[in-house]
Amino acid sequence: MDLVQLLVDPLQYGFMQRALISALLVGTICAITGSYLIVRRLSMLGDAVSRAVMPGLAIAFLLGANIFFGAFIAGVTATGLIGAIHTNSKIKEDTAMGIVFSSFFSLGIILITKIQKDNKIDLNHFLFGNILGVSESDLITTLVISVIVIATISLIYKELLFHSFDPLGAKSVGLPVQALNLVVMSLIAATIVASMQSVGVILVIALMLGPGSTAFLLTKKLKTMMLLSVAVGAVSSTVGLYLSYYLDISSGPAVVMVSTVFFILSFLFSPRQGLLTHFLHKDQDEPSVSGSLPKSAYKP
Amino acid sequence: MLDIQNLSVRYRKNLALERASLTIHPQRIVGIIGPNGAGKSTFVKAILDLISYTGTVTYKNKPLKGQMKQVAYVPQRTAVDWDYPATVEDVVMMGRCIHIGWLRWASAKDREIVRESLVRVGMESFADRQIGELSGGQQQRVFIARALAQKADLLFFDEPFVGVDQTSETIIFQIFEELRNEHKTLLVVNHDLGEAVSHYDDILLLKNRVIAFGPRETVFNDENLALAYGGKLSRFVDSDGSTVVLS
Amino acid sequence: MFIPKRLLPNFFAPWFALVLGLTLTACGGGSSTEKSTAGESNNNAVGLLDAQAEEFLNSPKPKIAATSTMIADMARVVAGDDFAVFSVLKPGTDPHIYEPKPGDSRVLSKADVIFHNGFNLEPQLVKVINATQNPAPKVPVAEAGGVKPYKMEKAAGLVVADPHAWGSATNGILYVNAITKTLDAKYPDKKAVFDKNATAYRAELTALDRWIRAQIATIPEQTRKLVSSHDAFQYYGRAYGLPVVGSILGVSTEEEPSAQKIAKLIEKVKKEQVGSVFVETSTSPKLLESLARDAGVKVGGTLYSDSLGIAGSPGDTYVKMLVANTRTIVEALGGNYTAFVPPSTNQASK
């Protein structure tokens, strides 16, 4: 079977077409929001939030409300609780995160297990994704979310860059940092819910951090990092999906493994950061430190 | 003119700063000094509304809060993530952020201003370097360029000379003096009491309250230093006339 | 760091949240929500303490606990009103993946007789049953009744028995035999009652068996094919002349769906020109609906696969379940449906 046939064969099925588009969209928005988490050193919070949305989903189901709203509220509540515990006691942030997200997660499992038979939802689908069962309306929702995420990040990119690099400087200049945090928080929650169908709640953080980390080791600018992470995310999702088709393995984990391979390659061979690159070019010069003196320094 | 009245900051039941009141005139380089924990950083952060406080802060007779475009803050080097994927140019462009405004992107004019600012501090050939690749002194100059690009009149520096070599320190002070002569006001938190002190026009000596504030010559005396540092210092006048303080 | 110190510090933030929320509500509105297609919903979804379980435990009557709803129904028919009968699994619950709760252990440890299906239908529950110190008879009804199981290849050479034996009413009779035998042995003074009930029930099941076969035969041969969510209808299909073309999942719903399998099934459905495919009450319909779309077929209806329907639904007894399934299949695949008339002694079909 030649390569073209290999690529085209699965796509004759509607379910694979939808799975692929979903995987691409999800790979893209996870990469973008994940990049942000990485540079803001919020990866653990991202992990916590990805599991904390569970009870929000369950309650939304029960009330017949929109699941994204439920997820968003759960995410914001969890973040707020983490902050409250941390600022009002000796407990450090990582501990607060662990406590909050595991309790939210447990609550979510209890609720979903209770309601799953009546609502014909499957806990496994939430945890591990159900990309083969993506419907057209699911796809449209994911598309809308993706557009919102991409548009928002593009529109407030420079403010996000400033704020994520130097939060104090940004605040002192008058940027509305709380609002920015809330906006990004919303985007992350929306990304998590949209991505659930692809890789599930448990692995969505991997899809957020993997491509971003790969790009982080290869770039010097945030914009480049985000674009590269999107490329890595999209490719990983596609390759992972094809692998799951031909090797008859679970698709979510396949995608994560592919993105891990990319990360390993980047980790070892990045021109500036790679482990093996340093090893192989032991006597490369250090970048020059002196630089030019400011014109004004040449004073008599 | 930066006018501060009854500025107090509480931190978990402790009064980190007690009723500081002073007026800072334009075109001055103010050194904020005091022992560890004296509230120097706290003072600056409160003025910039980064932490909550009681009291009033006005600039040119209007509340400072509404004029934050005029304020540039250069944080402590330890507060910055030097691995962050940003180039020198990216950082200086941040100074243009509020001028560009929401939902718009940088224009050619903004890029020109950024370039000029970098030239001013002698860092234009580093524009494309990732900030982690720079030395301490170079990093400070980049932040100064950012403040220049922002066209701020009030510049705050939080411990700018930590990890900076002597040559760079001299260069930076030269830039400070130029900026001051261009009608800017600079406030510099500096925990080091060495020769640097002679570069400041005014000194604000803090120990959780204002011990003294005024021109360097009047403030920097034994009595005040004793009040601030608890009498653990000695001063002597060096051969070239400069004052050296030992703790 | 990232911690919001004040809840609503800025006018911008709540507006953004509102706009985002409204946008998502407008377009997303629970698109991934799958409400019960058969219109059954147990309003006691988040009931904290199971009232029925409490009633069962406090009952003065001798207690029969069954794992599945079908077996519980059969036990009720055979045992009659003098016994309290309780089904651990609730209607619509999937037995393959069911995780037992402490309440189940309580019920099972207090029961006087325990019936479960056998052939590994309810793996977790069987573990719990064996773990109780209860000396009560624990009867795997299908195995005890002598059902000859069909073999399935689960994965890579592992061969297991297909547990869905109740699909054939003839096997249903074997189930009834096993139940009656156990009750006769434990409560010999009530033997006459059991035998009377069982005999009437057996007659009904025999009539049902004949009826189903006749009904299925009214379906034209080219459309007489079955595709469902999981492989639960081998016994039904083979007993009544309805070839099972395939299913998305195998014999157990525990497994992950595979893209290959779905693709192959789509091909098969198209090739064999299957008329309609069927979702089930106890599993998620999503994958099958997706497959139906891709293969260009309709979803013909919902079948009761591993569980009875809730009280008041068309499938709330074993007999009614088979009748309802038959009706759904016959009507969707273009056969002529005529109602089932149980034999004149009506006692069994309560």
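Things worth noting here:
For clarity, chains are labelled A, B and C in written order, and residue numbers in each chain start from 1.
The definition used in the following text is that a residue touches a chain if its C-beta (ideal position, glycine included) is under 8 Å from a C-beta of that chain, and two chains touch if they have at least 3 such contacts.
Just so we're clear, the structure is a prediction, and the values are computed from it rather than from any experiment.
A centroid comparison over C-alpha atoms places C as the chain most distant from subunit B. Chains A-C form the pair with the most C-beta pairs in contact. In this view the innermost chain, defined by its CA centroid being closest to the centroid of all protein CA atoms, is A. Here the CA centre of subunit A is 39 Å from the CA centre of subunit C.
Subunit B has its Cα centroid 37 Å from the Cα centroid of subunit A. The distance from the centre of subunit B to the centre of subunit C, with each centre set as the mean of the Cα atoms, comes to 73 Å. Interface residues of subunit B, counted against subunit A in their complex, comprise 45, 48-50, 68-69, 71-75, 79-81, 84-87, 90-91, 93-94, 97-98, 100, 102-103, 105-106, 119-126, 128-130, 133-135, 138, 141, 150, 156, 171, 174-175, 178. The residues of subunit C lying in touch with subunit A in their complex are 1-7, 9-10, 12-13, 16-17, 20-21, 23-25, 27-37, 41-42, 45-46, 90, 92-94, 97, 99, 256-263, 266, 282-287, 289-291, 293-294. Partner subunit B is touched in their complex by these residues of subunit A: 39, 41, 155-156, 158-159, 161-162, 164-166, 168-175, 216, 219-222, 224-225, 287, 289, 291-297, 299.
By the touch criterion given at the top, residues 10, 13-16, 18-19, 40, 42, 45, 60-62, 64-69, 72, 79-80, 82-83, 86-87, 93, 111, 113-115, 117-122, 124-125, 128, 130, 132-135, 137-138, 140-141, 144-145, 148, 176, 178-179, 181-183, 186, 190, 197, 244-246, 248, 250-251 of subunit A touch subunit C in their complex.
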